[in-house]
Amino acid sequence: MSAALRPAAEPPVLEVRDLDVAFETRRGRAHAVQGVSFTLHRGERLGLVGESGSGKTTTALALMRLLRPPGRILGGEAWLGELDLLAAKPAALRQARFARIALVPQGAMNSLNPVLTCGTQIEDLLQAHGVPAGGAATQTRIARLLDGVGLASEIARLYPHQLSGGMKQRVCIALAMALGPSVILADEPTSALDVIVQKQVLRTLIAAQKTLGAGMVLVGHDMGLMAQFAHTVGVMYAGTLVEVGPVRALFADPRHPYTRMLIASLPRFDRRRHFVGIPGMAPSLFNPPPGCPFHPRCPQATARCAAEIPQEQILPDGRRVRCHYAQEPALAA
Amino acid sequence: MLLEADSVEVAFGGGISGGARRLALRGVSLALPADQPTILAVVGESGSGKTTLTRLLLGLLCPTAGTVRYLGQDIARMDRAAHAAFRREVQAVFQDPFAAYNPFYPVDRILILPARQFGLVATRAAAYALAEASLVQVGLRPAETLGRYPHQLSGGQRQRLMVARALMLRPRVIVADEPVSMVDASLRATILQNLYGLTVDHRISLLYVTHDLATAYQVADRVAVMQNGVVVEEGDVEAVIRRPQHPYTQALVAAIPPPDPTVPWGVDDEAA
Amino acid sequence: MSAVLRQIGREKLLLAGLLLLGCLALVGLLGPLVTDTSLAEIGTTRARLPPDAAHLLGTDTQGRDVLAALVAALPQTLKIGLLAGLLGLGVGGLLGLLAGYLRGLSDVVIRTTADVVMTIPAIAVLVLVATNVRTMTVGLMAVIVAGLAWMYPTRAIRAQTLSLRELTYIDMARLNGIGGLRLVMTELLPNLAPYFAASFVTAVSTAMLATVGLEALGLGPQNQLTLGMMLYWAQYYGAVLRGMWWWWLPPVAAIALIFIGLLAVSAGMDRLLNARTRQDG
């Protein structure tokens, strides 16, 4: 469910249903992602936000089928048009990756090949998807790609180590855009960058997304960033999507206690020495608590919360909340 | 002055096996006053020299020019007794909650060793009693913490343990280098609240080094902004953040995303 | 400690290697109780007998019972390897630790020396030294061989020390007022222990290889029997030409087993170290 950006008639570019991922380790099974469902439309920016262990990165990796053992997709569907990413054969996946769905990975600066120039790496990607090698046409295309991310065409001749962190990140964004995918997954693309560069890279990301008209999923842990970046925000906790909805409605009136407390814990510039944290620790994924995963830390938990896993409640504005008391507006803090 | 850096300069490289000579700090002067406990935030991005400044003020590094003074004495020229006092009265909380622990020993050591080393207690039993009291102060349960190895605790627990250690030694100054940057957002506020509250309760001065202007605003009385090894702006935290003078400070303030979707930030040309 | 033992227990390759070496050592230690090692002396038996009930591995041209000789030679070879390995590790490890911890001039001197010595062809030096020694003994062999095995532990330990000393917990120790030797002993050394162990195995392997090489050339201890010397005598008296396979095959097999064991231990330790670093991170 997303904000009314496009008429409901237009089909989503990505539709994920009940994604389930687990890690089978010696210590047992860690259920990293449970029943995650969301839809993404053309031109929409979805922010998947959560803390460490919430399962947000695992979700992105699962969608790209880049999970390694002991990670395993247990179930679910991810429809990219007519292709189910989770069930696709390797050949179909290879065709789809970067051509229809691209990833800007975490620590993207370290995923550039240090012995190839940036231009060569983009060219390699194009070649792998059938674009003829060499020639002025390819070079022009590369130059245009780099220009689209705010880099001069000379960058194509440089090696990754000659570039700053922000510039490397932008090369990675250019790579993700190269084949004009309809969905771009960005996994914490700015976490390792300084704040000023972070803003520049986000600006680049938004501009790139608009040029392509692609749908974008930004995975991150910074709620403040999501407020400024996303059209729709999905809050993840302990592997489940606890609240998903249009960004303004979510920030104005958060219905899940975790969302509420996460927003409240953001340091603000209107009040000093006002610290609001969330007590307790994230639950163990090997041995989750019964009922709602958040109930041990929730100030409004009741006996029902400890016993019964909350179903998804759908609010009038289209939001989905996994809380027994989602229908009631926030109690005075 | 309690702890001060006086026109310090730190250069790296240029030696036998080093590369080109590079100045990490150039003519930096900062001070914590002795008359009353102050919270001074040092804000800068990577390459600003803030970590080098931290190491300098902790006596882990010697400046190539200028002096670092504790209670008026040059720390490089202190006698044994003065140096020992310096080591006890100036404590640190580091950024990486994992690397600060020697993986070979259980975490108890991080509390017990300094307690014995600085002569705070006479016996091992007394050391454990002191350790347990400190743990409780930061919201950790001794039964769940003592006896464990670093990798058995969560990042948040390890960081809180570092704070417990710093407080246990009853210092006059705590130098905290990015104490919450590697910790989850929900936990940050709790740890900062702890740190702030306890420094106020025990009248400890705090040097809070960070890249995060927002938390600096929350915690500090004064703030100094660093860029490329120089302090570009310093002053009362309200003044610097509300009316930044230096273009770099202005850029830093503008780079913080307002956590309100209705307030424009300038990344999306057609505001959502 | 028990956690470490449990981790070792999970590494099958490591266990297999240790078991193999353990068995060989046991044969060397307990063998003399079972077989009569006096039969390993020259002229104690009838010569050139193929294996039979009385002499399980036959006899050689000098009248030695091959099985008895093997049992006597095995511990000697192991001893040289062990001694040389310990010596190489002791000297090399210490130098590596100093170079990595002190840095600056000490590092440059130690590092350059090690690098230069490594380029000297080992066999040439060994041959030169060995031929100029009047009587070669097991102990002396160990020292000579160690002289060319110390560089590898130096480099390995130096590299680890350089990276460990930058870690925050070293700063913490300094902030606690701990410095110098105490810092090295209580903070660095325990974390270097696995690397010392790995370097030890490398040093022993290098030493044994050099030893067997020297001995096969005839430069080994003349009066003590080692596996390499058995090979030398076998080759000297034309065992292959005479078809006396029972003379040259057993020492070759024994040497091969030792190296297989060392290789398994080395590979297993490598896996163990990588698993530990992955877990710690």
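The first chain written gets the first letter, and so on, giving A, B and C; residue counts start at 1 in each chain.
We take it that a contact is a pair of C-beta atoms (placed from the backbone, for glycine too) under 8 Å apart; a residue touches a chain by one contact, two chains touch by 3 or more.
The structure presented is a predicted model; accordingly, all values stated were derived computationally and were not measured.
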Problem - Chain pair showing more contacts of the two, B-C and A-B - result: A-B
Handout entry: Distance-maximising chain from chain B - centres being C-alpha averages
Key = C
Fill in the blank from the handout: CA centroids of chain A and chain C: separation to the nearest Å works out as 54
Fill in the blank from the handout: The distance between the C-alpha centres of chain B and chain C, rounded to whole Å, is 49
Handout entry: Averaged-CA centre spacing for the pair chain B and chain A, given as whole angstrom
Key = 32
Problem - Sites on chain A touched by chain B in the complex - result: 51-52, 194-196, 198-199, 202-203, 206, 221-225, 227-229, 231, 247-248, 251, 261-263, 265-269, 272-279, 281-282
Fill in the blank from the handout: In the complex, chain B touches chain C at residues 15-17, 55, 58, 60, 84, 87, 91-92, 94-96, 99-105, 110, 113-114, 117-118, 151
Practice task
Using the touch definition up top, name the residues of chain B that touch chain A in the complex.
Solution key: 45-46, 154-157, 184-193, 196, 211-215, 217-219, 237-238, 241, 251-252, 254-262, 265-268, 272
Fill in the blank from the handout: Counting only contacts in the complex, chain C reaches chain B at residues 103-105, 107-108, 167-169, 171-178, 187, 190-191, 279-280
